[in-house]
């Protein structure tokens, strides 16, 4: 794990910032305003943290122009400090990429095509006819099934499983425990017993996609499950067979997407959401955490379901009432009508 | 990945269909009515797709008798086209079963019994006293603990983990990342701290069971966790210790079943359902997605909980009201009574 | 799998119990009162099982003093029979710890420090500069990234993945498929596209922590994700980046904890709960199953959300009403006011 040190001049150039302070000052790492110490670079991306700027121990802070004059130390001035922080975070990420080469314990079919500058770790298995692009990293314990294709600069972290016939684009990051291409959940009911529908499609993933730890993307029944360019999937997500996710959508942890759902581009789906099958979600839809989406969403916007937390005693009372909400509502409507009639009679 | 080509005559015989068309016509794959091209076999299993029959480019379609005369190409006529599609899907599934044999990198205890025509992939570990049936496939990276038993024709996809003392029946399909036999979540509270209750039971799985990717089935505390014949579990399911699932029940992705719950036979549990512990669910119960089952269900039927999605603004208002539903209901009941009294007085 | 036999005298001494019965009686295993047979030890920890005491076939029962005189067989009398059962369960757990040693197929960097009496299974990979304590067991297929530290007597079950820079305390039990240290879900939005925020923190786990199968604990963005001493995490849990969980808290299966949430000590979080990010939960908070925690909980207590299960038809009606609850509530309030005015007028 090697992490470099950078001068403020280098960092300012990297994020195209105006530098107020000592260009030769060395930065050893990133930290929050509160936790930063000598040698750290911090950032101010949200005005509620402005209170921590004055006393920060950072050696420099990424700020926007409005806050620059309140910065007690060296300042890197940009339009969007959060984006600048994101870009600089890459510089301080430890260089863990193993040297190119294939570990002697890997089992790779002779029929595979392996690109240049590829790193393949211990106990990796790559089955017949798969194609691995240039600069790909495949961590220890990964299994790549037959007929897969992995685009340039993609990285499989340890213990990832790809079934056969899976296509990954360029610059993908797949986290440990992810399973791509397992059978979709398809069965025909034969007098109570389940006849398996063999899943003949594959999975096609675009460029710049990140797939979280232990996330599952099932293969399609007849056609392919499709994940668009720039999609970000968090951990523990279930993507059912034939699902389509449009470009640059992001899905948070624990969300389950049932088969044949089509999600648009630029959507954000929060954590632990359930999305029913065979529905369509428009572009720019945002669904809040733990919501249940059971029909199509045809217009952009923010959608929610679920109930708010209360103390358990209040919840028990409210829940009991909710079980009879239809009855109570009918009584309300009846009372309204009776009152109206009584009022009319009295008038 | 080898996929055969079949004649319509062969396919008709396989599904016991009446064939209208050229018996020698070759079929290279399955497709939907809309996506099918020359050489494909499609199927019409739902009248809402009837609109696509007329212009399908498929070479043949599986139809029922009522739709046969509207089929513009060769027809395979059966009573249940969906079931026929399921059966034929098997024929077009790529033959990925590795040739029988044990990969040289596998680590198998001398005390194991290994059946005939078994395929054991790279880096598989099988610990002492386990018994592997005939025609079993164990994919790369699988770990089979001590004292396990795997029935004939079962298949473990790559990177499956079985702890010790697990019994799988015949023709099981276990998907990657599944963990069977990890410790149930049992602790005794000792003045705020947790004393582990060691989990001494096992897991017993019947015949023809499918277990989805990254699904967990915990071992029992004292007795065994039991999964009946023909049960189908999707991905990301949690089956707690001592759970019993009856024959031919199916559970969709993301559902969590707490310890000692007993689920009947022929049930369907949709995705992301939560089932509390120590309850009983009758045969033929169907639970809709994201429902919370917190007490026993003694009669067959369809059950639900959860709230419907709305735009976020409406949801916020409704949710605030719901937090006081008991209070509002009491006010309704009081008003009803007051109105009744006022009406009586006026009469 | 070796399991010893114990005499009642040995067991009584182990749990500090008063023994009524034959001290030389041998016990071969633990069982419930109902399922126990000759040679088994049962326990009575809940008065609702008292009915099974009279006819138990167990050779001995762990009871409290109040129930001792109703025990038809040998009795081990203690204050807390459940705790005594927990302690004895350890004695009957099969001894599966492999003999110390490093399997020849393991790949361990020369720069690692490996303690005494360590067992490292087949195909384990340990990357540079990691430190493995004494009496540690690392099961087959585990990957330990660079710069990790694993405390004495900890056990990694098969196929666990630790990314780089992860610290585990002593006596941890990590179950199969768990992924510790994958990247937190951090991105900055750049005109609709997502710029990755590299995750520079680690994960620090205390002593006596258990992590369930397929659970994920993400590394911190800048600081470390922290799991306190004695914490118990069930299967399929998502712990986001920068989360802090206080000592001796327990979290049941399927719960998702979003980034930067801070959970206190001695909390219990039931299964399938969702906890939003950037909030604080006090010590001794208990959250019931499937609840959604979307703001901080500042006082100890029991909290809930969610709706109760009904038959599907009733649920549909209630849910439709709930979507208009704000409107109906306003009509109730208006009716109250109208009635009040009418009553005043009539008086």
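Lettered A, B and C in written order, each chain numbered from 1.
Definition applied: a contact is a pair of C-beta atoms (placed from the backbone, for glycine too) under 8 Å apart; a residue touches a chain by one contact, two chains touch by 3 or more.
For clarity, every value in this text was computed on a predicted model and none was experimentally measured.
One rotation lays the C-alpha atoms of subunit A on subunit C, and its angle is 120 degrees to the nearest 5. Looking at which positions face the partner, subunit B and subunit C present mostly different ones, since fewer than half of the interface numbers are shared.
Between the Cα centres of subunit B and subunit C there is a gap of 25 Å. The set of subunit C residues touching two or more other chains comprises 105, 123, 141, 159, 177, 214, 236, 254, 272, 306-308, 310, 320, 322, 325, 332, 335, 339, 342, 346. Residues of subunit C touching subunit B in their complex: 1, 29-32, 35, 80, 82-83, 85-87, 89-90, 92-94, 96, 103, 105, 121-123, 139-141, 157-159, 173, 175-177, 210, 212-214, 230, 232, 234-236, 248, 250, 252-254, 266, 271-272, 289-290, 306-312, 315-316, 319-320, 322-326, 329, 332, 335-336, 339, 342-343, 346. Within the complex formed with subunit A, the residues of subunit C that make contact are 105, 107, 123, 125, 128-129, 141, 143, 145-147, 159, 161, 163-165, 177, 179, 182-183, 185-188, 190, 192-200, 214, 216, 218, 222-223, 236, 238, 240, 254, 256, 258, 272, 274, 276, 287-288, 291-295, 297, 301-308, 310, 314, 317-318, 320-322, 325, 328, 331-332, 335, 338-339, 342, 346.
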